[in-house]
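Some structures to go through are shown next.
Common to both upcoming complexes is chain A, partnered first by chain B, then by chain C.
The block that comes next holds the complex of A and B.
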């Protein structure tokens, strides 16, 4: 047997060989779920820097784009949004009187040419227009879907968006309007303001923000809040969890009691109270506020892992070999826990974003900078759903769905990376 | 640095029969506090290890072998506690050392080859990182190429190919991992290595390789070793002297030839009889009875409840270790 030891000793003269993998695609990190999730999150994150390249960010400020106020069903609402309200009302009166009907046929025919100024052809919704003269204006009130879809009638207003053209027609037909005049004004204004157009691809909202710019500015902001809050919370959690688990004794008792006490507090309720008192203006403040409640879960989690790891052979060996507590904790234990920490980190990010969005939807978020939650808040306040302004509430929700799905996929993917047993499940099924 | 100087002084310390003593354990007591009384896991144990010899520490499971080793390393975990006694390593009393001084002694002069080598290597660190860490903890930062040279020499010394330098523990077999642990133990040239059942969970062939490695290392470095185990056959081949433990007490200490030629204590006799022999066919003998409750040992001899040769005096007086033959100590009333 000594000979075998000798023979392997002679083999020791060969130079240390570089470790080679079977091929470079066999890494567990090339997990499809993880990469898809990462791609989705990165996509939202990169909306900011990439969007800045070809879109004007300042359009996200209020009143930088056309307003869509007052509400379309209000009397005295005009299609010509850039005129002062008094003038609008004036022009409306002029037009609704039978004497002004002279303008009507010309408006119908001139539709293709006056596309950019808009409004005139859609005044076909005016009860004066549907006199069976032309297919252009009459089709609108008649509710003929085919006619409504033709670019000559609806398209001139909306930049060719068929949905925008259809909705007012349907809405006008369905709502029992007190008078024909009001119904006509509603339909006209509806199509005119905020609707996605070439000028504003994702539309604008009541305060005059361009939605595309809001998306570019707000979506990365919302994600940043989550990332900062989760990072701070995770850092505190890891440090406290390691201290509690490794030190034990009264340190453990204090930390455990504290984290257990905080974990039962309904976070949202407390955050609402704090948010109502403390005026949150910056994204960073928001993140720190959230981080106050994000550390107990990782603390418990890390502590449990450390407790089980503390008794493992290699930790004992490190202790016997005279390593310091710090190097045992972060040199020996930490590398073993990285996959778990990463998986719970992505989970924590989505918790943080969810909490941040909840606060913002309630109107307690940072007010200066548009975020996804604040956009939803504004949309709710301005009755965007009733007014059919799908682009206002739909875009932030879509962005949030992408972020949450991406984070969820990352969590699942990281779980599979950390736990190889889950990887084979697909093959077995 | 004081530790180093004391070590030099202690080198002049000479044992009873003109052999240098590396480790001297005197009246060591380790008790585990329980709600129903202290469990006397190690009770009044004394022995010594000469320089350059292997002392075998044998006994059945739960007799206090590992606790003794952990007490020497000062690694007894609560509720266990060293209640009394001295552990003199090269003349320094380890029981009285504070944490900082202890950290310097551990691995520098006192190393451990752990029980389960499978669990004693960090699964996420490469072999060379783990060995380098042990070196750098005690000797500070070192140039990379020098460190690599040293680790490769070390691996060669324990008969491992140099390709494992860059490997992870899961890429190695059990025997290789055990030899990596041996390499880690000898990296700082300690004066005493405690090997806690280094060959458990290995098959006999690999056991032999690991045993051979241990012997090679001992010869080359002139290091003292305590080899803990319950495999009498393996002990007979590897060790110079054997210490037999029973229920936290040392019952017999003797050179290996002497103890196998003529075991004196009834417990040792039973232990050696329990080894199945290839040459003769005889029924396997089992020791009757169970060990007494370690919380309240009976007055008199601790082996009285299982001893086939028990006498009245055994129930009254506790026998102490006495030399019967040169270097052969036994704690039994039969030889008064």
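The block that comes next holds the complex of A and C.
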């Protein structure tokens, strides 16, 4: 109710002004929250262009890492075949191959203790090994009927042991039997699967995308969607709001009714329907679709402001001096609404990014380009949370949280710029 | 003046119809504007599975006739709107014999239960904290909470959900990561069943409460700052009223109105408000059903759920509009 009266934000600044005469830098726009938020958003925005300079973007595509080894069954793999498996595992672990785990059908139990126990070399037929089950003993071809279940016992095993997958890789790592290598190598690689290393500072995910490159490619893209959508929506909103407020009559009625109706319709739900049919939504299309739902809020706001400003002295003054409607709207009224419009804009950017990300997290986004939401979708589908691969979902989430907090701070800051009462008694609060 | 006038009620109900009609129209139009044909899509999927489908052209025709797709657009449109308004949402494509409305009806109690509880908790907590933050007598540490809320407010529900799963389900293993109820329990009004439901609801509810509490707190703080400057607050202090009485009955009572409006709006969005939270926690509510519809390309299910979402949101807004005169007698309705 009282907000419109506060539109000239300079009123509260007057005492300060008097002290530091005509300091041109003393502007309400120097709001700490606003500037912090702006900095956070710009940081993520610049991740792309700057990151491109020193990091290879193509690494964000599946299996693009030069460290990717051919899968164990491929011919190239045998190049290391003559080494003892322990070394081979060790070298693999150093290089942290993502694809090697493809050979591991059920290696989910692989313990990270491989290194400590892996050195216990042994020969076939360890009598200390825990008792084998009849079923497995019969099926073994490598000569050792005794399958170890615990690495602590120095468990030995041989090639082709179906239990190898269940046993922590320690025992298997020591055997020279050739067919056991796959499981051993797979299990060992699995233990350190995709973990951040020097080659991939933020780790890799299952298909070998380098997370740092994904961040550089995906973060600016998510922001772009929000910016495009909010800009279009804001443009429509400002135009319609001015039209409705200034012209009144049936135009006003139509615009108001329409915006009142559309503002109620849940954006995400409608987008899900569209996404479900269209399947592959490109970034630009998604932004335009989002914009169709982002205009009602600014329209309502601008309309209300125009209605209250229309009868103000300065507007009447301009009218009497013969200014055109256009220059009254954009020359006289618009500057007074700027902080509000900006606050509404940052709010809309955040809404658009959230909607776009949500669509992507549901698997309805662009699939060919890595975006942050898509990465979260892949991470969830691959149960990355329960596999402890925190970097997979954590990095996109961290980037998005920075963006959302930044936009939110900007909105709050802009609100305070527009409405000095919100600044509270203490500036720090 | 004040109170409800017929004119006002009629206008609001008209808006309600308009919103639902718009939503239905959008839902109707999207499949027709989108490239591709769902029926042909199903056939091509069958072909991909089994190699060759005999008489596929005839099958497509039969299905078109079955779903009324061979009729002209206007007829289809009127049938569709009419059916939607009667909650006849058709058969699910993926689970054929079951109907969409019964699937939705099964899912709704879970969603409403979870979200109603979480929204109310966060409303009460958030508003109290927000009012305290703007209150002169509160200790300094409460006021310093603001930056914390700033961070949490901007985090979407589902991201917080992922974090909570990682910490409490994967790391500490205190709480279940997914589902709504344990296995092998007798369904009914018995303690093990109910406690299991509550146990499973802790994590998703916490995610929603933490992420939305800041929103209420910040809004309330802004309103309280405005209220605190009013003359009647000074008068109340001058009269020597108890601080708690001034706080609740003078401060909060006068600041809470916009919050109640926002609460109603968020209650309207309750059915679909947490699609992603339900998806992340595999909570068998409407949101998860919607996700399953997406995965299985169950178009009728998706459309039905989205219609339900539009319907409930519009209905809540209507209820709010009609209740407003009771909450705030100051508002004049004649301006519309």
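Note that in this section the second predicted complex is superposed on the first by the 272 of 429 C-alpha atoms of A that agree within 3 Å, B and C clash if a C-alpha of one lies under 4 Å from a C-alpha of the other, contacts with A are read in each partner's own complex, and residues count from 1 in each chain.
Note that a residue touches a chain if its C-beta (ideal position, glycine included) is under 8 Å from a C-beta of that chain, and two chains touch if they have at least 3 such contacts.
Bear in mind that the values here come from a model prediction, so they are computed numbers and not experimental data.
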Looking at the overlay, what does A:317 touch: chain B (first), chain C (second), both, or neither?
first
Could you say whether A:270 touches chain B, chain C, both of them, or neither, answering first, second, both or neither?
second
Would you sort A:230 into first (chain B), second (chain C), both or neither based on which partner it touches?
neither
Residues of chain A touched, compared between chain B and chain C (which is higher)
C
After superposition on the shared chain, which partner residues are touched by A:361: those of chain B (first), chain C (second), both, or neither?
second
Which holds for A:211: it touches chain B only (first), chain C only (second), both, or neither?
neither
Name the contact category of A:401: first (chain B only), second (chain C only), both, or neither.
second
Have a look at where A:335 lands relative to chain B and chain C in the superposition and call it first, second, both or neither.
first
Common interface residues of chain A - those touching chain B in one complex and chain C in the other
2
For the complex, give me every residue of chain A touching chain C.
2, 257, 260-262, 264-266, 268-270, 272-278, 350, 354, 357-358, 361-364, 376, 380, 385-386, 388, 390, 393, 397, 400-401, 404-405, 407-409, 412, 415, 421-422, 424, 429
Can you check the complex and tell me which residues of chain C touch chain A?
15, 18-19, 22-23, 26-27, 30-31, 34-36, 38, 133-134, 143, 146, 150-151, 153-156, 158-159, 162-163, 165-166, 169-170, 177, 218, 222, 225-226, 229, 268-269, 272, 275-276, 279-280, 290-291, 293-295, 297, 299, 302-303, 305-306, 309-310, 313-314, 317
Given the complex, residues on chain A that touch chain B span 1-2, 4-6, 8-9, 11-19, 312-314, 316-324, 327, 331-332, 335-336
Chain B residues touching chain A - in the complex, by the definition given at the top
73, 75, 103-104, 106-108, 111-112, 114-116, 118-125, 133-134, 137-138, 152, 155-156, 159-163, 165-167, 181, 184, 205, 208-209, 212-213, 216
